[in-house]
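Below, chain A partners chain B and then partners chain C, in two separate complexes.
So, the complex of A and B:
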């Protein structure tokens, strides 16, 4: 509820629940940033669960899930792609990451985006064929819709395997796996620092917006908000560059020679080899079957 | 035996032409001394530490470290660089910039591994330092998941594992709660017994007075204006007021009011006049 300011009689609205219960720009941004940080921390928790994929050697897991993603990109049969999507769901369940949230993440990000991008190609203007759906002047053809379904299923399957990598592997293990696979040290070091930088800057951005929220009495115009956001973006960029310099100084100070050695040694066990063999066999079988049944 | 670790003669530094960060500093730091560099924000304390660590170089004057000139060219020599980096450790003010590895274990191992120490020796050091500083449970955690105080401890530990003879600490008490500050003072005391040289930059006079046996004061115009024991320096009330390390303001106690000098930092008592701690 708003009240007049005792000195200037301006209407002082609370920072939240304005205009039909909408939240302020600062609050919305702070919440979004907070969710991003929470997501990262939640991934660490998921990766620590005693599931199927979490128990594998990070290198083996990274390579085999990448292999499945490549297989998905080679397959043309919608039914085989649906089978691969079902496989991602089964792996998610066996890895205790929550099938519902996994499916939402896959379809809300990659699936929906692929659908929106591919949908125009199903119009009769671009893909001739038997019209099966008409919406006013827009006509969608059967081959067009099959093409959209194939593309969406392929993207969803590949994205599913990628999300399984992220959700079932600690970031530190992912970096170690990349390093063990002879990714150049400079790339691994850059990835590690970028991840750290992003998290640090996310916290800074969250604090900036919360600080504004705590001092906000009136809503401000869209133009004012835009100017403020632009100015803060410039500030964060300057801070990011300064932090990068400081991090490099800190590395030099401890004798950085260009390498990022680690004390942790990854070990491959019999079940990793079994998993790898089964994955390769399955991927080969899927590609052969796809060639046999045709698109 | 060498008696001085660093000698600075007329050292000045400008990040931009015409904007000095340090001006004409003459300073000698003895082996095993604990020196606190005190001064207001922006007086050049951090720049002085970076010069001592060979991260920035004097725009004027010369610096000698362990009897050899410390220059950009000298640090390009791998043997000199390795020797210098193994002797000098730097704990940055902002722990976040110092924690760039994927987990705490690798963070503690980073320095010794860069120096080319055998892996068994590095593992021993990591376990030993983690045990000493109470970090065993944090070893497998990524640095971004730590609290501010934990990050500071890990930042200090990551330098301790290098077993450097000289430790440069930039605002070491920042982000530490009272218990951790006591822990820090104990660590500094242990380093003193081991004969390590410590140079710390701080504007917290209580930490400086407690942990250092020598105080060096930088003024707001980036010059060295005092150098002596903590008792000698902290007795110079007018000087501390002039360099903005303490300030005066009026207190009202019931019907009477009077002026006090204040220093910043928990539990500070800078000049026996009247000190207040400020968070």
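So, the complex of A and C:
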């Protein structure tokens, strides 16, 4: 599909017809930036669903999910880690975020990488022990494979709890929770403004790359592309610094004093306390059970 | 979203490591916040927010390297050069926190570890090395070269820290049968692996990006690169190097040889033979301080320390000399504009 150039209305050749095929550098970056923006918007949509975790007080939810992530880092038994993975799946289902997409996200963002990185450590060169699988000259040992399984299970469990935080908590709720937990105003204000400016700058970067894509007929040399990319980075930096000045002027003109008052008062309800008590009890029980059964 | 090579996810570091790094990072954040507040006043919020947003966004650019391959830069040295190292600590930390909490890049328990490696080590090593090589009133060409050298060394330093954090896990937590409970590779594999990928690939990406952006800023917005001469600009660099030198005997913890750095005898014991050419060329060069041992010093730890001091002096001297030569070669005549504008951004 071709598109008219916004300034001269000339018909622009589509990227897919370029010599060499495949995505150009500009298209690749524009796509990844577009995905990042989509991810943020999708997170907000998931966090608005009427699920179990979405209904909890943001402070309670943040602290308890972090507690589970810490518990996952303390557990040594691979079976208990698998139980924690099952718990993340159950919480994803109860929070209406889609178990399939949740599992894919956990595996794609953490589990697969952990498996690929750790697998060579199961070779007898790195971890001596009883050989259980031999593939030609490669011998995998039992403690080595158990080590890989433990690492992958731990990474998947911890990533699962982190993704539950991301998918079930609106960014504004997270900031309110941090503020209510006595995080300094300057940190909360900076986080809030950074989030907003990231989206603005991402949109700028996407437009820069799409403009390049729509005005370029050849791929260009590596040197040319590199010079173009670093020039654009410098442009984004100049724009960032200028925007900082503009935002500062706007803040002063509106009487900003550094305080970050919130119109929404967070209140815990009985179900928040029940959830918190159950989470703490479960984490303690898991760690005690782990020490009892050993790795 | 693509993963930048140094983000540590949850599960790779045990609590003995990530808790210690939280304890290390909290006072660093407090000091950084105080220093930034003193220099930037209420302007700190928009400046740090935009710095953090830029730090986040710069990691999204695909940078062409060689043969069609692309990489991502961290940009922490660049931010330290523009905002100063303490502001860079806050800006890069916030970018990393948002990456962890919004995009799932890097773990939540590992936030402090990632901040230590990328928001403390890289900005401080990069900034002070930049100041060291560039001098007080650098020409724009010298600035560009200095920024590249600083970015390259700084990201390798950050990677070595990450490799060290990975590498100590098997010593800290394993079962009786030798099964690793966290990151499975010991120091002799983890440190060289992290260092090599950054020496060979990511270091160049970082250097290319930093040099390119500094060159563009020197042409279009030189005021952003101006720095106030600090009272003792190199004090923190030397202090940091001193601490690292004191830690060098930790290398004695790792038994055996770093992975891939075997000599003839070790290869013979590992695979049963020595490749002919390796045997032929292996004795071509006799190192002055083989295996970081100092000739005439029998104490291993003292030998390590002396080797670290000698190595540091050589690296700093050669870097300084090469930086000065390259800068002279590229001409010093275009620095007048970059010195003419008053600084807009205070530095640490």
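One rule holds in what follows: the second predicted complex is superposed on the first by the 270 of 295 C-alpha atoms of A that agree within 3 Å, B and C clash if a C-alpha of one lies under 4 Å from a C-alpha of the other, contacts with A are read in each partner's own complex, and residues count from 1 in each chain.
Please note the rule applied: a residue touches a chain if its C-beta (ideal position, glycine included) is under 8 Å from a C-beta of that chain, and two chains touch if they have at least 3 such contacts.
Treat the numbers as computed from the prediction; the structure is a model and nothing was measured.
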- Query: Should the superposition on chain A be reported as showing a clash between chain B and chain C, or a fit?
  - Reply: fit
- Task: In the three-chain superposition, say which chain, chain B or chain C, touches more residues of chain A.
- Result: C
- Message: Just checking: does A:193 make contact with chain B only, chain C only, both, or neither of them? Give me first, second, both or neither.
- Response: both
- At the Cα centre of chain A, what angle separates the centres of chain B and chain C, to the nearest 10 degrees? 90
- For A:124, is the partner it touches chain B (first), chain C (second), both, or none of the two (neither)? neither
- Query: Thinking of the overlay built on chain A, is A:139 touched by chain B (first), by chain C (second), by both, or by neither?
  - Reply: neither
- Message: Contacts for A:44 in the overlay, against chain B (first) and chain C (second): which applies, first, second, both or neither?
- Response: first
- Message: Quick check for you: in the superposed arrangement, does A:176 touch first (chain B), second (chain C), both or neither?
- Response: first
- Check whether A:218 is in contact with chain B, with chain C, with both or with neither, and answer first, second, both or neither. neither
- Counting only touches as set out at the top, which of chain B and chain C does A:243 meet: first, second, both, neither? both
- Report for A:255: first if it touches chain B alone, second if chain C alone, otherwise both or neither. first
- Query: Once you lay one complex on the other using chain A, what is the shortest C-alpha distance from chain B to chain C, in Å?
  - Reply: 6
- Note on the structure: On chain A, the footprints of chain B and chain C overlap at residues 40, 171, 189, 193, 196, 200, 243, 247, 251-252, 256
- Query: Considering the complex alone, what residue numbers of chain B touch chain A?
  - Reply: 50, 53, 55, 81-82, 85-86, 88-90, 92, 94, 96-103, 105-106, 109-111, 113-115, 119, 122-123, 126, 142-145, 158-159, 162
- chain A residues within the chain B interface of the complex: 40-41, 44, 170-172, 175-176, 189, 192-193, 196, 199-200, 243, 246-247, 249-257, 259-264
- Note on the structure: chain A partner, complex, touching residues on chain C are 1-3, 9-15, 18, 33, 37, 42-54, 56-58, 60-68, 70, 75, 78, 82, 90, 94-95, 97-98, 100-105, 107-109, 173, 175, 177-185, 189, 208-209, 211-213, 215-217, 220-221, 224, 344-345
- Query: Touching chain C in the complex: which residues of chain A?
  - Reply: 25, 28-29, 32-33, 35-36, 39-40, 43, 66, 69-70, 72-74, 76, 105, 109-110, 113-114, 118, 121, 126-129, 142-144, 146-148, 150-151, 154-159, 161-163, 165-166, 171, 174, 184, 186-187, 189-191, 193-198, 200-202, 205, 222, 225-227, 229-238, 240-241, 243-245, 247-248, 251-252, 256, 258, 294-295
